[in-house]
Amino acid sequence: MRRFGWVGAAALAVALPWLPFLPPFWITLANYIGIASVVAIGLVVLTGVGGMTSFGQASFMGFGAYTTAILSTQWGISPWLTLPASLAVAGIAAWLIGQVTLRLSGHYLAVGTIAWSVALYYTFANLDFFGRNDGISGIPPLAIGGFRFIDPRATFAVVWIGVLASVLATRNLLDSRAGRAIRALSGGSVAAASFGVNTARARSLAFVHAAVLAGFAGWLYAHMQRSVNPTPFGLNASIEYLLMAVVGGAAHIPGAIIGAALVTVVNDQLQDLLPRLLGQSGNFETIVFGIVLVATLQAAPRGIWPLLARARPRHRDIQPDAPPLPHRALPTPNLTGGEVLDVRGLSKNFGGLAAVSDLGFTLASGEIVGLIGPNGAGKSTTFNLLTGVAEPSGGEIRFLGRSLAGLPARAIARLGIARSFQHVKLVPAMPVIENVAIGAHLRGHAGAIAALLRLDRAEEARLFAESARQLARVGLAEHADRPATELALGQQRIVEIARALALDPVALLLDEPAAGLRHAEKQALATLLRQLRADGVAVLLVEHDMDFVMTLADRLVVMDFGTRLAEGRPHDVRENPAVIEAYLGAPG
Amino acid sequence: MDSTIGLILVQDGVINGAIYALLALSLVLVFTVTRVIFIPQGEFVAYGALTYAALDNGQLPGSVWLLCGLGVAAALAGLWRRQVSARLLALTLALPALVLAVAIWAAPRRLGVAFDAALTLAIVAPMAPYLYRIGFQPLAEASVLVLLIAAVGVHLAMVGLGLVFFGPEGWRATALPAPSLALGDLPVPGQALWIVGLAIALMLALFAFFELTLFGRALRATAVNRLGARLVGIGTAQSGLIAFAIAGAIGALSGILIAPLTTVYYDSGFLVGLKGFTAAIIGGMAAYPPAVLAALAVGLLESFASFWASAFKEVIVFTAIIPVLLWRSLRHGPAEEEE
Amino acid sequence: MSRLLHAALLSAGIALAAGGAVAQPIQVGVTISTTGPAASLGIPQRNSIALLPTEIDGHKIEYTVLDDGADTTKAVANIRKLIDETHADVIIGSSTTPASMAMIDVAAEKKVPMISLAASARLVSPMDDQRRWVFKVPQNDSLMADAIAEHMAKAGVKSVAFIGFNDAYGDGWAAEFGRAAKAKGIEIVATEKFARTDQSVTGQALKMMAAKPDAVLVAGSGTPAALPQKTLKERGYTGKMYQTHGIANNDFLRVGGKDVEGTVLPVGPIVVAAQLPDSNPIKAQALKYVNAYEAANGPGSVAAFGAHAYDAGTLMAAAIPAALKKAKPGTPEFRAALRDAMEAQKDLVMTHGIATMSPTEHNGFDTRARVMVVIDNGKWKLLP
């Protein structure tokens, strides 16, 4: 049925423009909208979902357009054969540029893209190879047999089938293991890396996907326009594509198309309307366009699409009978020193300030250890050191007998350490179940190509069956399809636990899991943690709720000013005078 | 290339770099206070230069009408948000009316460069806070990306209006009076002294403002922590207005400074602003001294690149930025992007 | 063949009959760059379109003017809009070479004659099936470049430094002047580029001066071309200065001031219309335009770029009567007839020159379309 929908849409793209009553110029406009949509859809992945702002999409379009222009005019190669070349050149260029610019974070990335966008413009404009400022003309149109795609109505079919293909590819990508890695970036790269997502690769994938789409748009553009020159691929054009995506709703694929349509149509209509209102004496289009743009953003800061489509959660079908994912063999639970984690002399300095110093403790499988201490004692820093988010200044961490020194967060996750965060780091707009599935990232293998071709469905079913199981285990099954932000903060913490469990952990590091929970929920959490202990999971717990931690933990490690103040059974620690002083202040 | 040529290129680079530095400073200021990447900063330079040049030529600059229009719009925006006060009306209606009256009276009289410069500041600088009220204040909670696109909208409208007011051709103005110096073989034009001197003075003034005055510290507080600043009673809206006002004034002043030195066009602002923006980013978008240094470096590189390979000037300038950005970002590590 | 002729005659007859009843208006579609980097060309062109005839032989002429901002994508969208929506019988535009180049395909595809206002000879040569539909009214760069090289050779210039816009105009001139200079045995000792809105061209000026040229040629359009010259002056350059016809408006003189005194450049005769001898047929035509333009837009406002649009109108108006005899406006036959009639123009007097078209020549200007002038006391002065 769904497949029929896509085929039907493609058939519509072929037939629609030939309807007799459609004004021919609308078809031309629709073709421009289609090409812009393809670029903007790429920006949905890159900017709206991946959180990276690019001012360089038009240059990737230029890569695609110039590739086919040169190949088809100078080498006489058929445009259909140059398509893979255009896509490859744009993709490879993006990969190479990405190696340099994607390391840049935040605003650096934006300026990085501006920089190479300007540089490329003047390179195109100053080399004979690219025809300098005049560009390359006489590009052959697309043709099948003797039929040449010159009439806009014929081009319409190619362009909009291209848009459909882009939508399909992008949807497939985003709804996959690789796509979730990209979407996880907007929950913070620390969280993503802590579940084994190779954030650099995820960023690069988003970048390459967006660039390949732009390259495709460039290929379409070159054969529709039949000439190329540097102007359509400059910085201003890049800004316009970004603007389309944002106005339409950068986080949504339909938003890209709506944005492209709106910007193109408004520009065109202003050109007709304003001279009628104000006379031919001046050019007020850009002025009015700028004002309309600001007003639109004020009315719809998240874009037009979210206004049109009242967000109703889409239900994801879970196949509970999918073959279960392989399960890690946990070290046999024993209480006689089967330690999985051994920390010795751990320290961390931030510019001369010791956040953690000379900390040592052990954690065994089938054991719950509470890590407690006043605010600022260095508990969260300790978590970051254990999970590879921050690098220790000294000391040693051994996990299952091997040293973690120098391992990045995602390698540590692979060894079986999962964590939750003091400040919830879920992907806000993503459904709960998919957030949990990020936890299972390392238990799947399918890559982007498999996702594009939908060869990953069997594995996806297994990943989601596992995620649903973990979600049910923490008691949030009925919230599976809701966006994570809609849950209460306490529930979001529990989702983080489910996500951590989906990793199939040996050791579970929980940062204040009980904060914000009601009494009954705390009871349920305690039951869950006891169950995990019985299963042989090693649990390290940072918690401020003393009753909770005292009743639950087998041992406590008390920290103050980054050092270990005391260690022992809860009852003993409670009596320790140093601990009392740290918590209650000096007596008297 | 002999040493004289080198010296002249350095001088040229420093002059341009000083302008970029001023722009970088105001971009950093606006961004840290309001999270707006203020693309139209360059338009304030162009407006400043063209308004000044028009007055210098004895004409009434069209921008004065924009000032009035924006003032009325800002007053209406205040009315809409039910924040009308006598002070608001004075600032949004009375002030532009007064400036308009003075401009109409003074324009044909050619009262000299000092008067023209002051009048230009009065015409151009207040546009920025009006724009903040109309365009950005309602978006205060939006993401950086949305604010950026809104800034693009303002930029487009301002460039379009610039074409209407000043026409497609360029303008130049009389230099501010100053003696020319000679440093050894190198003649230093008076205008260059003005630019570098004023740039340094402005930087010191900004420093003093942020360190010594209550307002300045309030602004810094907003920059560091918007919620915290609100809790201690510093309005985000007010600090935004002040940041924009300072940015508008710096832009207009930069325009006045370059108008005698080069030809300025209605669309000159974009590239100038872009280079200021680049310097601001290299400087980390938060710190002032690195931004100034980066701006000087951009100016110098540009000057030498136009000597070595003028066709590829922008290619050289902008690709040279990437390793610097890379180094900075590696040194700072992957920052958590909190939106 | 004879059947075709018969059909043509028949349709012409029908057209005439219909024309008698309701005079079908002739649609003229204009896309020019009234905003963006070429606005200094596009704005006077738009003002000149307003001076074109609104009625010829009883047929109303309707103009639709669109702005393309010198953006090729927009220019192509505009020409499609003009042809599809307003059913343009003839297209005027665009102001720049890249935009015009991109429009050629559409004009040829739709078989609508197009009159470009851009400089490059590549728009109309080599003549082929596509360019059949394209005419161009500004002088070819090569015509102007030859004039400069000739003047230089006569003045004893042996070496030249060249600085041009970093765009299609500068590229075109670099190529054409290179060719012309070589023919005259003049050596080009430096080739520099600058951008229209550059704040400083000190680097380029120093580089050129280091090459110690006898003369410097600046290839830019409008006021931006003044900056290199002013910088050279500032840095103590005292050699000869040449500019191109791209600067021929009064704004250049205003911005250039006394720093551009003595500059030599080739221009279309319109720029010095009043100084032309009365025997020159261009004089009357040019003065008519200047007076009309300045009456509408203020004294001193006339610019050579605007006159190109006026010339495009002259070419079109000259061809319309012949085309009207063959077919009715709004039909493919009329557009083809209009094209044919434009191609048949002989010794057509325009403000910029006298054009003689042919199937292989769609610009048609000869050396009568250029005069050498010098800037003297802030005015353009015709050189003998």
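Residue numbering begins at 1 within each chain, and the chains themselves are lettered A, B and C in the order written.
Simple rule for what comes next: contacts are C-beta pairs under 8 Å (C-beta built on N, C-alpha and C of every residue); 3 or more make two chains touch, one makes a residue touch a chain.
Keep in mind that what you see is a predicted model, and the values were worked out from it rather than measured.
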Hey, which chain is the most central one here, using CA centres? B
Which pair, B-C or A-B, has more C-beta contacts? A-B
Chain centre separation in whole Å, for chain C relative to chain A (CA means): 52
Distance from the CA centroid of chain A to that of chain B, rounded to the nearest Å? 35
Which residue numbers or ranges of chain B touch two or more of the other chains? 160, 163, 311, 313-314
Residue list for chain A, restricted to those that touch at least two other chains: 122, 126, 283, 285-286
Could you check chain C for residues that touch two or more other chains and list them? 35, 166, 193
For a test of understanding, state which residues of chain A touch chain C in their complex under the given definition. 23-25, 28-29, 32, 122, 125-126, 132-135, 137, 150, 152, 221, 225-227, 229, 231-232, 268, 271, 275, 280, 283, 285-286
Mind pulling up the chain A residues that touch chain B in the complex? 47, 51, 53, 100-101, 103-108, 110-112, 114-116, 118-119, 121-123, 126, 186, 188-190, 199, 235, 239, 242-243, 246-247, 250, 282-294, 297-298, 301-302
In their shared complex, chain B is touched by residues of chain C numbered 35-37, 39-40, 42-43, 163, 166, 192-204, 206-207, 210, 222-224, 226-227, 234-235, 249, 251-252, 255
Of all residues in chain B, which touch chain C in the complex? 1, 5, 8-9, 12, 15-16, 19, 160, 163, 167-172, 189, 258, 261-263, 265-268, 270-272, 302-308, 310-311, 313-314
Per the touch rule above, chain C residues touching chain A in the complex are 34-35, 46, 50, 65-67, 70-73, 76-77, 80-81, 84-85, 97-98, 101-102, 104-105, 109, 120, 122, 166-168, 170-172, 193
